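Following are the structures in question.
Below are two complexes that have subunit A in common, paired first with subunit B and then with subunit C.
Presenting the complex of A and B:
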């Protein structure tokens, strides 16, 4: 049966596409339309749903929850990590739980787009806009160290380059220019054709300064092989933009020591034209976690609660906590640190009891003392999330499930405590 | 695995740039433990001239190593139109993460995107399944 007039939200990346149509039969999804490959695959749910286990043996959810409470109670310095794939409701619960336990709390933004989101929420970068603004207005779109064709497959088609927009009726044919700046010839760079600029790794700041010079009427200089004419040509496109946007990928964020170069460039661009800046966030609700924690503590990640105090700093980042072996248990929610952290750091997880809450089996869950299966948000349970551009998106479940949401699991863990 | 035997084969320095691939992401959504995810993850894309110099052919199994870890993956000739000698590309995955440094210079952020490693022919060694990677077995 097709739900003709109902659109669903895809939670496989932080664009949170809200135009997904599905077909269901006997409460299972038999067709997914409009979504990209990654989205279809997420919505069809995983091949290895997580079993509820304690010490490798099957158990029931009640036992798993009370054992979780026992471990956390005994723990002197627990870590709560993940939540980029959880609803805002679950995130708020996790913050409460961290407070109650005097725990460390961190998420993946700690080693990816955190600095950018922090600068936006602190008001250090004012030049942000929504994806809808981009669709309606943008004529120059710059992907810097980002490859949305692979990471956010519908970014170009739904919001930036290809669509018709209110003031961009001719779409990419005539009305829009897409530019890629990257260290490799990515799929997005191929789409950008002649407007793709290849630079050597770690040279992003040099190119930023060369562009600032070119925009100031000076002769741009770089230490690597790049024709001056090419830099001037790029500066010229940026200068002529009526509504330009830079989308910053991890390639750019990782290559800079701090945020100053981006601020310099944005200030210059807004002196000579009209430019906005947005981060390419991966997990569907990483920004929600950052925003919710910021509202509560003034920090976006890397916090340690200590009675009524909140400590914050790199030493409370998941990477440093595990590297220094300073935590004695880990509650992992909707994340797979064994997969995503450097092996040299993630291996320390093997030394402490881990509790994993996730809809699917993960590498971390296979090494966990306790596994609690949760409903897959966006498919099996509803809630809200903050899109990569700061817009709140609400979603309903697509099918019914007997599994409980991570919000409910956390609530019950708190009750047991 | 006897890594000592790799010492006899020539080693070359390489800088690895990591990237994301939609087909690999799709495979991950289906099954982290499946062959498809492994086949699309445990690879390194090399410049054809570098492959010639190293005597490595597309499809050869290679051994990557640095002071943070080691991993066995499949070498593939790069499809990039622009030459990128000295640089190789790997999709971001637990296989590439096996080589990522734990040194962060007190920033809490490891350098995932640019990894220095050495590469040598692994002479038919097996590529480790995800659950056999060192990260889960120490």
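Presenting the complex of A and C:
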């Protein structure tokens, strides 16, 4: 890319758009070019920056950090949670800290795209490709249980359906087919037009089996109202694909008990045509956390460090730990579990001391004993992150700040310990 | 969005020709396409049509924000996804290594670009809907997931 220096990376979601231009005046951002609305709201920093507090009263960062170390030192079974919105440097530090503390470590992938990333990193699914490959080659793009028009606004325009690619020069209307399979008529489904397939909730596995039948030349059967011709039509498009990609959203992941049906479908698709599989990850560096923890322990999330041992299992997921009230303190980094977990489980956070490290005020930070404001990664501090397709992206800060990064905060907490 | 018939119903319907058009219906169409303004009708400015004038002013307010090609961007609906920017055939032709492949625009000849999270009109004279030999291209309308672009 010529003039590569003038471009910044947007860290609002895991597409990590690397073609963002900004205008600054007196170290504040006054204009953002090419980023979507979601990106602009992240780049223009928080509406409500988080103050540094201890027991609800303003304090300085040094006191907050030493008090954090005190709480963690006294704690017998601490929980470290979040890190989907942190740089890889901070994630590695958090893993070190968890080891030092014999802590539980989990992130949002525990109730998000964890199973898909796990299957990819374990090598259970070999059919993955990068978003650049999709742009250059893909002719059939399937969004299954995903609505990128709202969750990742530039997904279709930057990588999948609309751009011209090396081998897709004629434009979206001639060269590419976008398909949406969902339980509702989403904004993405509207773009897909006739290639949008509505199914009832929890019926994804049934449709997968029907598609496998159709791809094998059998008559597909489903228990819900969906014309056989429509399923055959869909199977036909998939069969004729020269380079197909399935983007799995949370809708698909949540409706399946295990990963077996997806594996079956991918194997069948690759028998008859050429298909790839990619997860639609939300937080900008959730995959980075999964990969870093995987490199360190062989697991992507839900771990408990015990001396030199690493335990892993459902019982170490943030949901189970809080449900069973087995943790006695929580260090939350760049996440808002009070908001994203069910009320009955999040309520248990109130009973233990919470330490929040975040640039912006969140529901969790309002209930925390200690709040340590950090620099907004990608805007106020640089680092690296792993894009949803596994590509590492490095980024520089856009503006200067007096706040310290979460990596530095964690380093100082470890020093105090 | 108002249509010509709705506008016509509120006009004086006298076909006085003072606006330069032969009928009030023709005036309504000209108003809708941005060729004439409401104040070009001398009769609607009279006191007896005051109520109708106010209603008409409300109806045509969005049209006044339209570009010369009749494009209106509803900023409140736009998510800045850039589908229209990348799908626009003129953008692709003028900027094949920028917007054509989904990246940021590399020159000012593009018609649409995303600024502060909302799509903005740029070099509108390049639009296929501009000028005498215009064609009714709808690439930016049909690719918009939120229906934020409209032509009058």
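Simple rule for what comes next: the second predicted complex is superposed on the first by the 412 of 417 C-alpha atoms of A that agree within 3 Å, B and C clash if a C-alpha of one lies under 4 Å from a C-alpha of the other, contacts with A are read in each partner's own complex, and residues count from 1 in each chain.
One rule holds for everything that comes next: contacts are C-beta pairs under 8 Å (C-beta built on N, C-alpha and C of every residue); 3 or more make two chains touch, one makes a residue touch a chain.
On a predicted model such as this, the values are computed, not experimentally measured, just so you know.
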Exercise for the section: State whether subunit B and subunit C clash or fit side by side on subunit A once the two structures are superposed. Expected result: fit
Practice task
Applying the touch criterion given at the start, work out whether A:184 contacts subunit B, subunit C, both or neither, answering first, second, both or neither.
Solution key: first
Exercise for the section: Between subunit B and subunit C, point out the one touching more subunit A residues. Expected result: B
Practice task
Examine A:232 and indicate which partner it touches, taking first as subunit B and second as subunit C; both and neither are also allowed.
Solution key: neither
Exercise for the section: May I ask you to decide whether A:110 touches subunit B, subunit C, both, or neither, giving the answer as first, second, both or neither? Expected result: first
Exercise for the section: Go through the superposed model and pick first if A:162 touches only subunit B, second if only subunit C, both, or neither. Expected result: second
Practice task
Once the structures are superposed on A, label A:153 by its partner contacts, choosing first (subunit B), second (subunit C), both or neither.
Solution key: both
Exercise for the section: Look at A:323 in the shared chain and tell me whether it touches subunit B only, subunit C only, both, or neither; answer first, second, both or neither. Expected result: first
Exercise for the section: Would you sort A:37 into first (subunit B), second (subunit C), both or neither based on which partner it touches? Expected result: both
Exercise for the section: Could you tell me if A:48 is touching subunit B, subunit C, both of them or neither one (first, second, both, neither)? Expected result: first
Handout entry: Touched partner set for A:361, first subunit B, second subunit C, both or neither
Key = first
Problem - For subunit A as apex, the angle formed with subunit B and subunit C - C-alpha centres, to the nearest 10 degrees - result: 70
Problem - CA minimum distance (subunit B, subunit C), superposed complexes, angstrom - result: 7
Fill in the blank from the handout: The shared contact residues of subunit A with subunit B and subunit C are 36-38, 40-41, 149-150, 153, 187
Handout entry: In the complex with subunit A, residue positions of subunit B that touch it
Key = 15, 17, 19-23, 25-26, 29-34, 68-69, 80-82, 84, 87, 89, 93-94, 97-102, 104, 106-114, 130-131, 133-136, 138
Practice task
Would you mind writing out the residues of subunit A in touch with subunit B in their complex?
Solution key: 12, 36-38, 40-42, 44, 46-48, 110-111, 147, 149-151, 153, 183-187, 198, 201-202, 250-251, 254-255, 302, 314-315, 317-320, 323, 336, 338-347, 350, 360-363, 366-367
Problem - Touch list for subunit A against partner subunit C, complex - result: 1-2, 7, 19-21, 31-41, 135, 149-150, 153-154, 156-159, 162-165, 171-172, 187-188, 190-191
Practice task
State the interface residues of subunit C toward subunit A in the complex, per the touch definition above.
Solution key: 78-83, 85-87, 89, 92, 96, 100-106, 113-118, 143, 145-146
